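Look at the two complexes coming up: chain A is in both, with chain B in one and chain C in the other.
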Partner chain A sequence: MSNAVAERTTVRTYKNYSRPWWQRAFLTREMAIVAAVIAVYIVAAIMVPNFAAPITLTYLMLDIAAILLIALPMTMIIITGEIDLSVASVVGLSSVAFGTLYQAGWPIPLAMLAALVAGAIAGFINGFLVTVVGLPSLAVTIGTLALFRGLAVGILGTTAVTGFPDTWTDLATSKIPGTPIPSVMVLFVVLAIIFALVLHATPFGRGVFAIGQSSEAARFSGVRVERTKLMLFVASGTIAALAGIYYTLRYGSARGDNATGLELSVIAAVLLGGVSIFGGRGALHGVIAGVFLIGILASALRLANVTSDVINIITGTLLVISVISPSLLAWARSARARQRGRRESAGGTPAVTAANQASPDAPASATQEKEAQ
Partner chain B sequence: MTSSRTLRKGSLAALALSAALVVTGCSSDSDTESSSTAGGSEGGSDANLAITFLPKNLGNAYFDTSDAGGEEAIEEFGGTYAEVGPAEAAPDAQVSYINTLTQQGVGGIAVSANDPEAICDALNEARDNGVKVVTFDSDTNTDCRDIFINQATSEGIAQVQVDMIAEQIGDEGQIAILSATANATNQNAWIELMEGMLAEDHPNIELVDVVYGDDDDQTSFDKTAALLQTYPDLKGIVSPTTVGIAAAARYLSTSEYKGEVAITGLGTPNQMRSYIEDGTSEAFALWNPGDLGYLAAYANKALIEGTITGAEGDTFDAGKLGEYTVDADGVVLLGDPYVFDADNIGDFDF
Partner chain C sequence: MSTHVPTSQSTPALLLEGVSKSFGSVVALKSGSLRMESHSIHALIGENGAGKSTLVKIIAGVHQRDAGTLEFAGESVDFSNTAQSKDAGIAVIYQEPTLFPDLSVTENIFMGRQPTKGFRGIDRRAMRSQVKELFSQLGVNLDPDRPTRGLSIADQQIVEIAKAISLDARVLIMDEPTAALSGVEVERLFKVARSLRDEGRALLFISHRFDEVFDLCDTVTIMRDGEYVATTPIEDTSVDDLVRQMVGRDVSTLFPKEPAEIGDEVLVVDGLNQRGLFHDVSFSVRSGEIVALAGLVGAGRSEIARAVFGVDDYESGSVSVNGTQLRKHNPAAAMNAGIALVPEDRRNQGVILESSVARNTTLAIRRALTRWGLLWPAAENKAAATWASRLEVKTSALDAQVGTLSGGNQQKVVLAKWLATDPKVLIVDEPTRGIDIGTKSEVHRDLSKLAGQGLAIIMISSELPEVLGMADRVLVVHEGRITAEIDRADATPESVMFAATHSKEVAA
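For the complex of A and B:
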């Protein structure tokens, strides 16, 4: 687990030597989400009529493909402690750019390329404002959320570009022959492997975690903080544009209001997948499991005739639980530590125990302080 | 320490999720049972009369009314009614619901499309699996559905507004039109038709001006005030937009012109109720969304039972509404717009 590297040295030393490798790999927050996905899938397959049919998986993956794609760069951005709220607007912008250029007679591959470039530029604008101008990403991307959506709707108005060639729209919804898995998942798996390697197995990825822990410390350790963030925002814009092309072809309709509100689904899944909103912590397999968890739940609940409001309540509750659970656990841990500290102080070595107990608590209390602000 | 805690957390989460699913799964089990028994026991026929309404979004009073009309019809002929839909009227949001209905094997879907193209593939997949598709209120491309229930034609809307204003001002005097935006396609088509009808059938009515309130409440309010000052002899205002008619009625109701200058057009009962009750407006028109849903349900039933295919000239029975004929492109016209006045406005809530 390379994210362990980013944790405090004392914790890492303890972990590496006190537990065998399989415990370190499987007894993690991420694996808890993976286990939840499997549990929910099995329960739903037994309880909900029609859920076990293979076609459920096809529809499910077609529905979450855009979220999965955008979640990859979003994970890295949130690990650095930043956020990109403009992704759904970039999806809309890329959809409109792609549709308008196709309508203007451009060949499809060229229109796709132009849409990707538009997304990269949108990401660069975000990254420039955050890193060079030094504005908080929350404020910047709320602004560009409105700006990019406004551009998208402004270009096409309330009309839509339709009539894309069947070969392309069929490709977006086609399945890998002999399986219920949509072809778009191939694209996702390739990108997921690349992002996982970059995040968990390169100096760049370690820099991402270091920035999230403390960007000052990272800078002094030689991490090029600004350049890293800028690259991540450009990646986020480009992948969002890619999702926009998929979105357009899947629905056969390029519209300015495509994917409105998608950014919240993406961020919800990333947080559910165990990435800390305060930065410095997270892993891609947890995020992918988080997206699947929300998708499978929504799909099963829809099949069980649960209304969209109730589905929102359930996913919302899950999200709140997943965000507060680290704080609750930290509180429980420190409470237990205090208790033991009292017991041992009765034994007569209060100073040493207190010092020993303080260090594992430090990350937890830091989190709590941040929340209090 | 950490391991046992993580384990416990994981199992707790899984347990909670499973519990949520068990609860909802159970309720769904009973639902499907009741629907299958209801579907199977009806009239000795094996037609699957489970019809689901899929509005643009839930919690919208207009679609609550239309879907209630559908429910009434489905209860009459003994089918199974259900309503599902997204919380937001996003272009793609209906697709996953259509896919779900296809998997559940419902008999028919009655849908008001958020986007004419985006839900096409999903609807055609449903039709390939034997589901009958009726659109109402907002159509899809014609090759994605069996029948579209059209609420009104442009001629019908223009005619009812001309008739109402002529009656309210005694077929004589100056009138003005308060429209939406200057380039609003629907409104401009209606206004053109109304001008022709006025010139032909009502020579004593003079249309002095067409002003545009931009479908904005305050702008429409101000334009109404300006109209009344510019044309002191004005006898009536026609506003073929729900925003305009409500703003104009609000201005008139508090002015000296209340009861002197007629206001009519297209409005919704909830917006216009107080102005009908205080006598500012005698009557206004729209279609009846309840009838729209009712007709969509009966059209769906006829498709499911195979008595019609959606071809031009097919006729089917629609309960209390009588018999309907399918026009070209699989369109069924609900009928003339519905006129709301002091006598019937209490029956409507949308």
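For the complex of A and C:
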């Protein structure tokens, strides 16, 4: 036998990253959205009268607070490759639960707790049907979207519960002293930090990404796929209920039709923020920027007396662009690579592409391989 | 390195010269050359990462070459997608066929070009009779009306071949078609391949199994590190020559297990049952021991492994590690007890192709890496680098996507992921399938070393030399039952094959 397998004496060393830190931090889809938010804000502040006023920022944040809250668990659900369309109906349901119990004489904190529990149960029902029964989340949550909304409207009819104590309604619209920033943003920031850490820096979060990228490989690596998804749906229901309580107090009115259609704004913002609808990819700061982008645009256009249907058209167009842009970019890159290849083959030199092209091209070629399978 | 291809007077069916392809900074193919003749079966061999798959994908139009010439039937061609190469008469049959599982065999063969009759309706009768004719021409017996779901891989390949012939493909490329086939199925495939050659078609056969290359092929082209090495008539070469040309050095194809101290029973499987898959499976594995599960593909070996690891459920029986019975259908419990499974389907079950080397390597140990409940990049990268280095994973950086690595390196990432968990029982399912010879012996050596360190190892393998070289004991599985237990000393190709093909119970 010859020296068949060379003795392994060398210890390999590895580069941790293929790109320097500033490229990894800033040359991302998420940072592009953050940059867009800043740019749109500056442009709007210059062009739209009154937009730069602090009060505009206050109302903007009050308006998007519910979307921001619900987007946190929604981001994780979409990263696992699932979706929760029932969130706005849970907002309505929790609003009704909160209002009815208050009307029945429950103390406010207890009514809030009951509304949160109702949201958690709603989320558990979604999660149970998706993970234990094994139905697709799209179908399940379209069903519960109608079911929860129907329950909410059924309990309270077309009437509304009003007359919440001023201390509570004022709290919902109060500002952090000395700033134009609503107090509810404190709640959001605390939750956002928790969700960001869980998603990006815990074993649970690694599992979330793994499920979205390949649920089978995740299962073979000991990730508890079903349990993870069930927990996310419960979190989604609970946070939607929290948003429902905020919504009720902010407008001082508990109604069954509160927040109708809000799920579309949430999902639009999440996708705009760089989360892949196919799962496995996304980051929370991009999603938060996505919510702000939609909120700032809507607010600025409203101030500029643009009608709401035009605002919808603009938001919708943005969403479509954001969903197709990764594919368009990949297509453009491969087309460019092809052209370059042709040119160089005509010149007779072998094509060795520049090293800095490595990472942007890698996903494109991976997609091609997938198609080839 | 010369890229000269032996020329002859006739026009080749397919000719590639100096073809190159890069993905970003990764050069997948430096200079690929290939000359395929009609009436001939051509073998393409080379280690993993030698550029075979890239070459095939360029021929198929999946990738576009950066440089070089591609001629089909004497004319220069550019395929910008797979439809164009198909139309030209090139068919590629991949290792895992891509059929529509819910459509019938006939519908799959005619997908997208169904014969029609009045009012543009599909002429089912014509389709059916053409398929029957195709199957009789190929000498195979398949029901044209059954859905392709549930067909064996071998039968699915036959459907793909039938599809190619109905398109009148002049060039047929088979990328490792035998990797998942049993002996009988390989024979049938070869019969079909020979009859296609005799009809005048040109066939390309990619394989890691030399006996098959010598059995089937007329000419062989060797590639190494993305470059063309040589083309020789099969009768002018030998296994030793081919291996030398493939790896550029001498390699013993097998690394025999070194003697290790056999300790106590670590894993005990008792009376495992799952209807339709396996029955009354009982065995144990001691520390330091490598037990091979041998048998035909489809005998139930992988299913047993999956049930032991808890990915799949079982109806009755028990699995215990060091005397503690495991909760069934719970991979996390199996992992905590010290079981690791390197699964059969590397691309779908072993690694997450979209994810980085570091994330893949640390996925199974992510809970142990936390400090104050959080994962810190430095700790993750350090653990990943340690294990990647221990297994000599070749990658540009730890954040490179695993999908960009070669098959052998992907397998090393899977091994690294599981060895990082410090397992007591390691189950490896076809650990060297589709892996080049150099990496193969590295994997064998790693397994031997791990056994020496006191691991209990279960190895599932369809390659007899691997089973005989590595195993202390061979358990032969036939139709979901363990039909024989053969000690290393008594294990011969004949004894194992006999047990694998005969259902008669042999007392263990």
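Observations on the structure shown:
Throughout what follows, the second predicted complex is superposed on the first by the 318 of 373 C-alpha atoms of A that agree within 3 Å, B and C clash if a C-alpha of one lies under 4 Å from a C-alpha of the other, contacts with A are read in each partner's own complex, and residues count from 1 in each chain.
Just so it is clear, a residue touches a chain if its C-beta (ideal position, glycine included) is under 8 Å from a C-beta of that chain, and two chains touch if they have at least 3 such contacts.
The structure presented is a predicted model; accordingly, all values stated were derived computationally and were not measured.
Looking at the shared chain after the overlay, A:A36 reaches chain B, while chain C stays out of its contact range. By the touch criterion defined above, A:Q103 reaches neither chain B nor chain C.
Contacts of A:S183 after superposition on the shared chain: neither chain B nor chain C is touched. Within the superposed three-chain model, A:S253 lies in touch with chain B and out of touch with chain C [touch as defined at top].
Of the two partner chains, chain C is the only one that A:A218 touches; chain B does not reach it. When the shared chain is aligned, chain B comes close enough to touch A:R302, but chain C does not.
Of the two partner chains, chain C is the only one that A:R206 touches; chain B does not reach it. Overlap of the chain B and chain C interfaces on chain A: residues 15. Listed in rising order, the residues of chain A touching chain B in the complex are 15, 19, 23, 27-29, 31-33, 35-36, 39-40, 43-44, 47-50, 53, 55-56, 59, 63, 160, 162, 169, 173, 247, 251-253, 255, 257-261, 293, 297-310, 312, 314, 318, 321, 325, 329, 333. By the touch rule above, chain B contacts chain A in their complex via residues 2-3, 5-7, 9-11, 13-14, 16-18, 20-22, 24-29, 31-32, 58, 82, 84-88, 90-92, 95-97, 99-100, 103-105, 115-121. Every residue of chain C that touches chain A in the complex is listed here, in rising order: 20, 22-27, 30-31, 57, 60, 62-68, 80, 82, 94, 96, 98, 250-252, 255, 311, 331-332, 334-335, 341, 343, 348-355, 358-359, 362-364, 366-367, 369-370, 373-377, 381, 384-385, 388-389, 392-393, 395-401, 403-404, 417, 438, 441-442, 445. Partner chain C is touched in their complex by these residues of chain A: 1-5, 8, 11-18, 197, 201-203, 206-207, 209-210, 213-214, 216-224, 280-281, 338, 341, 344-345, 348-355, 357-363, 365-366, 368-369, 371-373.
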